[in-house]
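Shared between the two complexes below is subunit A, which has subunit B as its partner in the first and subunit C in the second.
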Partner chain A sequence: MFDATDFQPLLARRYTLEVRQQMAWYWQALVIALALIVGLLISAAILVAAGVPAGELLNEFVILTLFDNQSLRAVLFQAAPLIMVGLAGCLAFRARFWNLGLEGQMIWGAIGATAISLFEIGPPALRLPLMMACALVCGLLWALAPALLKLHLKVNEIISTLMLNYIALNFLLHLVYGSWKDPRDSFPYSPQYRVFERLPELLDGLSLAVVIAMLVALFVLWFTGVSRAGLYLRFVDNSPGVARAVGVPVTRVILGTVLLSGALAGLAGFMVTAGQEGRLTHSFYAGYGFSGILIAFLARNQPIAATVVALLVATLFVAGRSLQVFYQIPFSMVQLIQAILVICVASSEFFIRHRIRRIQGGQG
Partner chain B sequence: MSHTNAIQLDAVSKSFDGFKALSEASFTACWGEVHALLGENGAGKSSLMNIAAGLYAPETGSLLIDDNLVRLKGPLDAANQGIGMVHQHFKLVKPFSVAENILLGLRTDQALGYRKRLQQTAEDIKAMAAKLGFSIDPFARVDQLSVAEQQRVEILKVLLAGARILILDEPTAVLTDAEAENLLTTVKHFAQQEGAAVILVTHKMNDVMRYADQVTVMRSGRTVASLKPQSVSVGELVKLTVGDAPTPPQIPASRAAGEVRLKVSELHSSDPSNPVLRGVNLSLRAGEIYGIAGVGGNGQSELANALMGLPEPVSGSMTLVGEGELSGLSAARRRELGIACIPADRYSAALAAPLSISDNFAMGEIHSGRYGPFWYLRRGRIDADTAAAVNEFDVQGVRSLQQKAALLSGGNAQKLVIAREFNRQPQLVIVHSPSRGLDVRATLAVHERLRRARDADAAVLLISEDLDEVMALADRIGVMSAGRIIGEFAQPADRQAIGQAMVNHV
Partner chain C sequence: MNMIASWIGNIPDFAVPFALAALGLIVIERSGVLALGAEGLMLVGALTGIGASLMTGGATVWALIIAMIAAAVVSQLFALMVLVMRINQVIAGLALVFFCQGLTGLLGTLMNWTNKPVSGLQSVSLWPLSELPVVGKLFVQNPVVYLTPIIFVLVVLVLNRSVTGLRLRAVGENPQAADAAGIPVLAYRCAAIAAGSALIGLAGAYISVLSTKMWIADMVGGRGWIAVALVIFARWAPWKALAGALLFGCIEALIPQMAASGIRLPQYFVFMTPYAVTLGVMIWVAIVSRDNSSQPGALGEPFIREERR
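What follows is the complex of A and B.
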């Protein structure tokens, strides 16, 4: 005898979609990893279509960037400001504040640091710490206005932070094309920082920026995980209404966290100018704001994960630059790949939240 | 007028999350009558009518329309059967016009252009409104209409969609007396003229006595009687709704109540357009439970919010004797003063569902510094305290202290709230509907905790729409109606008298 269901064509079988209560973290990690792999495969296909020989992809991306000592240092060096903006994103998003103004805060951080250098404030030995402090404060202040507007007047921070980016950017252009332009040539950048104003390399060629980034990552980990503020922030993040009712000082928590986010973005600006460029340029910030948001999103606002994702994005940046040199692939390809990865991971949320189950018996 | 059955629900049962909202409830309404469905909050009226309107599927029982057995697959199916429900909270698209809102719910000939169909609908609206005896501008934007007018739009919407059985869920709750009278006259007229069936879900005695042809009374998920309102007195109806089951005698405090601890005077809502609270005055002593009884929606939630420090604009004074004025104090400050709050809605005001049990518990004493300074959380101590409290307050279903609070059942979530709030001896306890959605065992456990707090000399203010609960717990009972305390009763109190006070006062 045959079982009737054996003859059922595949499509006639019924499937249902159920909402899952919870998924173990390792399954979640697996789903996200699969999504990343799918995203990388799509990216690879696009790169091949753009003219990169398929055989060279692995070589360019993995071997030459991660297994070559010099490129690995370049990746770490590149990762430092990305870790900063990523952590800045994590913090703001945990406070449910959509800080899209990471670039503006970065620009102000860099402007602040450059001002210290330009006006030779402080003795040489203190110059670098002063620049760093000034970058922190400038980034923080640029985040202050949208935070206060949101908390007191309910002004949408998505709009205000985004628009403040344009103001920051145009002010930057005003400086580098105008009074702060390097008098020695006619390019739109400030005079070069002096040697003691640049982030030094420590032993083995590792930049101080990397060490600072690691320390800040530890600080954020402490802030969100160990301090009382972290507990408050979890309430604000998960149930803002309950937070107020059970005695979380919601306004202060949001304000503090957003200011910290702005300060970290400012620090990222300082790292790019004092680390990579050695001066204030007209486009040093390009791509960082978007990457910060993306890193925070992919890391689900977890500081350790953000550090790891920032390293991956840094790899992409470094590999993208070499693709630009060797295969004339435009650098915007890096942003395209980032976007594909984000879409893949965002889509994978569906599988984390739902389960597809076959209905037994076929008839339902 | 032929009095044949329009809609009949037979022995319908439904439970939510283990809580039995309906047990074998039966209900029959005839063509041409206004049929009132009467009961207290939580008696199961809305659940029963949601089943009639196809929103819920019953677990057992059957539904007959025009004496034919039907199985509704959803609201659309119900609409096809001629059933239309007007919900208490209107479902209208605010920036759309009246005609657009109504057109949304109609299946008109798509071959006609949109303009044509809108025009057609507008004319239908005018005709139907005239038939019902009012006028309305079909092209007015809904958000420019008054509440009463929006309600008319809702009624027109279901009638134009072809409803012959009209269910109105608490229609007069949002209306002024004159508007309510107007509406009820209209629907009564409609039932008589058109031979339609109108079901009026309500807890207002007056509406029933004046407008209903028939009334079915519900109490705790059962339909207890169906009769002609003219054949009974208000007193008998009250008795049917609140029940006359002998409540277990209230257990009085072991010693007399002490000094006045909380004084509320002339508490008004600040919003003049919606003055829910209209001068609440009460004083609460140490070592007593003061129960506030009343039909839902008479300002109980607003009073509870104001006292708990939840967002609620009020004027007037709330004084904690010896400490001063409460209004304007943060929830944290209130807790430091020894005020414990148990809000009605656990997951919007007491527990963060996605967070762990220990995180939720920690908020109870976080400000005192017991769990470490600002820069460091003493996880070990939090977990130890949580474990001890979970044990002492008998919170069940805790597999790990790091598990999400959302995974606790209603009763255990409530016990967790109580464990947190009572972990330090509170001076003043504000409780709102503490046993809502809980089973009997959990309810008893919660009541026991409140009595113990009282016997430990706390002042307990119990706000509940469940009269049984108030009767069982309170040493003194205040009846709240229309935003005021309109009467106080000392135990042993007469249940019928309280029931009368709850419904008779306008």
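What follows is the complex of A and C.
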């Protein structure tokens, strides 16, 4: 038999919004995939509006970047620092710390590594490990102040880390326009690293940076999933009060995790300077801080997922550069596309958490 | 003496963007919505202000109005995210900033609006105040500077002395109670976001159209974030925010003065000062006062009335 409501005109029907208990993981994955597709379609429409021929889009993004050996290498190479900042984001967010200071920590990591190269500290054989260690320590130290301020004085870390970014940036400019400027020309960058100070290629086209990024991803996976600190971290994330009551060292766990996040960002800074131009430049960090946060958000703070998302973002970076060269589309397009993807995926959670249902027999 | 006079004369020009942006943020946050997007909305205002000024051939007043409308329109994306989609307000605010940074960077280049000078507004002297020694230049400013205190008075009157303002604050303090009293919570929040964002857009347009008189990508340079911090120092009170904006105006106005005076200071360390001062004041406020009583009660919490029919 027919229900009476079936014959109501559409607008007279009444709907209700309900909070779902749980959604099966495959439905969740489907909703997120749909959100990504919507985001990519919007981005494609913007690209076409900006002057890229629609037919070229597929060619540019998919075929040229993924099926060409050289671009594939470029994507892998680009992915290494992105994996690092993505993992740094995952760690900080797991400690419920909004680390927007990834760029500042990258800048300090790169400055630290460059200092080792400029002042020729250590023998050539030890130079590269020394530079990496220095990058780690400098990034860690730049994250120390906002972490302590948040834990002891409850100073909002969003503002403090961002302010420290601007301070780090101005210090970088002071160096590359000042005493660290390459004496050979007038561009704002430091002298180039020597050959043994750069990350070598291990196999054909596989940079050491990629291997390090993979190892760090495994370490973070162990740290968050297996180690005692990771267990504490999940405890603190779920309920800081209970965690403190049963004797988990809450402050130390959060502090350690945030410092680790800063250290990884510092190493990412060194990877970018060593990998791209082999020297400190005035804008090497641009865009990585945002991408790190985006990767962590899209990966839901899971290290393995972050690695995969970082590869996708790296594809976007590489494709964005070729769009810049061939169609004069500014690199801000890459940031815009990333922002659109974040907005779409964040919005999709609404459909995961709620459902819209028609009220049975609801009569106006 | 001359240097001090010209420094004092420059203060309003630097203070107005902070003041307007902070006021806009207060309007939004008093309704219980945590607004981190000021940096992005200021960029939108700055770019559309220049764009409108260039396209209309120097109709500056219209350019400022268009900038306000543009920021209000873009802010509805944020409203959609936090009010309808119930996205975490921190994530939504950050996403808005990144979106606006990308969008304005892209449009500024594609429309070829970068580094194109615009005419701005003529300064108006308030005679006889403008003839005073030392502080005289405070009264030779563009009209928006004189308009700013008036905007503050109006907004404070609406917030504190009108039924609309009372309802807005009720929505920010206790949305459940406001809802039970029949106030449309989401509509008030949506309107607060639009109105506050228009003020933030005006702040951005002030920087580009009246102060710098051109568009450069990412030209707001963290002032939106400083405004967010300013609202926290000011405990969501408009007049305290105005005082804070004047403080930051004093500091920023010092930067070009120091370069002109010939004092040999490393330039980039001078550029750091506004950010370092922000950090310093945040630490100072955290040490001195521990009360959160003036913070809107429901700040950052989404309003969800389930079984909504």
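What we mean here is this: the second predicted complex is superposed on the first by the 355 of 364 C-alpha atoms of A that agree within 3 Å, B and C clash if a C-alpha of one lies under 4 Å from a C-alpha of the other, contacts with A are read in each partner's own complex, and residues count from 1 in each chain.
Here is the rule we use: a contact is a pair of C-beta atoms (placed from the backbone, for glycine too) under 8 Å apart; a residue touches a chain by one contact, two chains touch by 3 or more.
Here the structure is a predicted model, which is why all the values come from computation and not from measurement.
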Partner chain(s) touched by A:Leu202 [first = subunit B, second = subunit C, both, neither]: neither
Which superposed partner A:Val246 touches (first subunit B, second subunit C, both, neither): first
Contacts of A:Leu231 with subunit B and subunit C, given as first, second, both or neither: first
Partner with the higher number of touched subunit A residues, subunit C or subunit B: C
Contacts of A:Ser332 with subunit B and subunit C, given as first, second, both or neither: second
Subunit B versus subunit C as contact partner of A:Ile340, first or second or both or neither: second
Residues of subunit A contacting subunit B in one complex and subunit C in the other: none
Touching residues on subunit B, where the partner in the complex is subunit A: 308-311, 330-332, 334-335, 341, 343, 347-355, 359-360, 362-363, 366-367, 371-377, 404, 407
Residues of subunit A defined as touching subunit B within the complex: 21-22, 222, 226-231, 234-235, 238-239, 241-249
Residues on subunit C engaged by subunit A in the complex (per definition of touch): 36, 77, 81, 84-88, 90-92, 94-95, 98-99, 101-106, 109-110, 217, 221-222, 225-226, 228-229, 232, 266-269, 271-272, 275-276, 278-279, 282-283, 286-287, 304, 306-309
Contact set on subunit A toward subunit C in their complex: 14, 16-19, 50-51, 98, 100, 149, 153-156, 158-160, 162-164, 166-167, 170-171, 173-174, 177-178, 290, 293-294, 297, 329-340, 342-343, 346-347, 349-350, 353, 359, 362
